[in-house]
Amino acid sequence: MLDKTGIAKRIAREIKDGYYVNLGIGIPTLVANYIPDNIDVVLQSENGLLGMGPFPFEGEEDADVINAGKQTITMLPGSAIFDSAMSFGMIRARKVNLTILGAMEVSENGDIANWKIPGKMVKGMGGAMDLVASAENIIVAMQHVNKAGESKLLPQCSLPLTGIHCVRKIVTELAVLDVLPGGGFKLLERAPGVSVEEIKNATAGKLIIEGEIPEMDLS
Amino acid sequence: MLDKTGIAKRIAREIKDGYYVNLGIGIPTLVANYIPDNIDVVLQSENGLLGMGPFPFEGEEDADVINAGKQTITMLPGSAIFDSAMSFGMIRARKVNLTILGAMEVSENGDIANWKIPGKMVKGMGGAMDLVASAENIIVAMQHVNKAGESKLLPQCSLPLTGIHCVRKIVTELAVLDVLPGGGFKLLERAPGVSVEEIKNATAGKLIIEGEIPEMDLS
Amino acid sequence: MNKVFSNADEAIHDITDGMTLLLGGFGLCGLPENCITALVKKGIKELTCISNNAGVDDFGIGLMLRQRQVKKMISSYVGENAEFERQLLSGELEVELIPQGTLATRCLAAGYGMPAIFTPAGVGTEVAIGKEIRNFNGKDYLMEMAFDADFAIVKAWKGDSMGNLVYRSTARNFNPVMAMAGKITIAEVEELVEPGELDPDQIHTPGIYVHRIFRGANYEKRIEQRTVRPR
Amino acid sequence: MNKVFSNADEAIHDITDGMTLLLGGFGLCGLPENCITALVKKGIKELTCISNNAGVDDFGIGLMLRQRQVKKMISSYVGENAEFERQLLSGELEVELIPQGTLATRCLAAGYGMPAIFTPAGVGTEVAIGKEIRNFNGKDYLMEMAFDADFAIVKAWKGDSMGNLVYRSTARNFNPVMAMAGKITIAEVEELVEPGELDPDQIHTPGIYVHRIFRGANYEKRIEQRTVRPR
């Protein structure tokens, strides 16, 4: 079973040289720490920055330089600043190659719910609806089951949707799965020490298992 | 009767302090020379400039600094450069207060034709269709009659239209006229030495004459 | 042409109860701090505020919420704000949550004279309820309308007396698109300079979009999530 | 990530017969001179060229027209160009004239992922024929579609190896909106610098929109209408 860092490490392997990547809040933010040194990747922050760097050293924070999570950050050489309309313009135009974000639920046809729980204070969708509606390549980073032990990979989402038919891949503490265009979670890899049976038990939606399922290589 | 300079001078009196103005090619370009010194006016050039100044001195031409007529120009202090999308964005959003352009024909309901003559080589509408469709305040600078002696102020245009219901005011060598919202050319002023009768004879569309028509004050 | 005002109180003098305001900034970054302070002081009420966020309890639009000056917030994310939550749950405050890109693009539409735009954001979700859906090239889009706001209030880094604006780093965010979208646009700047001091090639908001400008004072520029790494 | 090409010939190597190209520039100002020369040299044909103007007989897109490489021009104004006129009248060349703002906004739409936009330009004229007309707030608008071009070819003043671009004066014109609109965008620049040499606040086209960049050579920068005033 993976911890959050493990999920982030596994997702980092999906990032290819030359990718422009948008990282959501939470586990996706950690992914930045594990991008291989030998590839060039540019991080987009939807508040209006390409070329996001690491957090600043203490004392070097600049109130005018933040990311979409409102955290102080730095800018790498070659950064570009733009306004919110252009930021979501480039997202809608599919110039961002990969979007990584968290989710409360994903359905077997790729629907995602990650912004609202009825009865709880709703903070808003921020840029999530724009990102999931436009990205051509979306990876969801999340726990396979919720705190009540219920699967978050469902036949259909029970929570209000953020977007439909959009999730392409899911990485959880247990497994890597593709969401097939025709529907269904196709099991690709098991987390170290996790059995197919455990994944089956934790997946409420249609799980597709073909042949031997390899264990993740996180070396 | 006015010459081109006279038409330009008369139109210049319509420009108010603080106006952003777009000047078309021909007589409208001359208007810039007669803007009173005591008012601040910013000229927009739709290729992407606010703050257009006079032509450069010989030897100071810059190939990268041109107006919408492709002429070398200068930029005044406080100029701003922008791309073509923003240029027509501000035009469509009615941020430009006054548009002055030439015409081949104007109809009594404010239609304008100024881009195409059937049977002749058509060069294109450039930005004219955008300007006339969006400007809240359009003044046409033109000759009252064409070279064949036919009126250019018509019941309806015979040439392909550039825009409809858009012209607000017309200044010719003979007169200043408003185009009324309900239709008709309302005679406001006569050019020096021109009689109402001459204007009547030169106007094919519905001409509205109420009371005494004063002579233009060009002092 | 005189666009220069001496301070926020004068620049906002004719904003009245019930108006709709666009307010620039993202989180607490790039906020028109002086104008917000002046709006709180002026005490006008029943405002509709369009802004990506709603500030925190004691900074940004949170200050206006605390005074119950806001009737309706149109935002994409309303963050951590106890007073906001209280007013929302009690029904005192109306909130319309819209996707961030939709918010930005509805501003752009207003500034570019486009009555409506199409975006896929929100298709298949509750955001789509009551909206026209249209398919282009096999993909569904929502038609979203340009904002129609009385005033836009933005913060820039530098500006000149003709209203040309330059922003700094990610404090740019929504400010340029909102500056274009107001019927009347008020800009507060850290530095107010003479025409000609800003490079024409580097102006983010041309002065034609800005009706009033003043040099702001005492910027706090609060940081919402101070995050650092070890040296 | 390597976006840097050594010259125009390499940057355009995979442009082939029948493709649709967006070409930046206004008149002869801000033209991708090197790429046009390379396209002429390569001799590909049946191109659809979207560009505000068509150059003059011996400069700009006029050079491609002379070689009969262009099947169709989509422009707002085709200016003084004898060869253009001859081909048009003989039926060799197809021409679609569209309003300049519509041209720019259809580029913006492509670059901002909006399938269509609304503009009042052309309502009531022959430009409206066959197009959807829609009334918003009492005013009619045409629905115009985003361009769908294989390549965009633009000219900038400075660029860095990540594809970030800065334009100079009115040579900016259509270049930034076309740069955003190409499936593949090629930028030629007068100065090619390293990442970090351009101020992030002053970049006009972020590198995400630019796939290939090279330092151009021998810019002629011809002036179409040299106009001066007496000293």
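All chains are identified by letter, namely A, B, C and D, in their written order; residue positions are counted from 1 within each chain.
Here is the rule we use: contacts are C-beta pairs under 8 Å (C-beta built on N, C-alpha and C of every residue); 3 or more make two chains touch, one makes a residue touch a chain.
Not measured: the values here are computed from a predicted model.
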Those chains which touch subunit C and also touch subunit A: D
Both-way neighbours, i.e. chains that touch subunit D and touch subunit B: C
Farthest chain relative to subunit D (centres taken as mean CA coordinates): A
Chain centre separation (subunit C, subunit D; CA means) in Å: 33
Euclidean distance of C-alpha centroids - subunit B vs subunit C, Å: 36
Cα-centroid distance, subunit A relative to subunit B, in whole angstrom: 56
For subunit C, residues contacting two or more additional chains: 105, 108, 112-114, 119-120, 167-169, 172, 200-201
Multi-partner residues of subunit A (at least 2 other chains): 49, 75, 81-82, 85, 88-89, 91-92, 134
Touch relationships between chains, expressed as pairs: A-C, A-D, B-C, B-D, C-D
Residues of subunit D touching subunit C in the complex: 105, 108, 112-120, 136-137, 139, 141, 166-169, 172, 200-202
Subunit A to subunit C touching residues, read off their complex: 45-49, 54-58, 60-67, 69-73, 75, 81-85, 87-89, 91-92, 111, 121-130, 133-134, 160-165
Contact set on subunit A toward subunit D in their complex: 17-18, 20, 39-42, 44, 49-51, 75-82, 85-86, 88-96, 134
List of subunit C residues in touch with subunit A within their complex: 26-30, 52, 75-79, 85, 88-89, 97, 99-105, 107-108, 119-127, 157, 167-177, 204, 221-231
Subunit A contact footprint on subunit D (complex, rising order): 1, 110-114, 160-162, 164, 180, 194-196, 198, 200-201, 203, 206-209
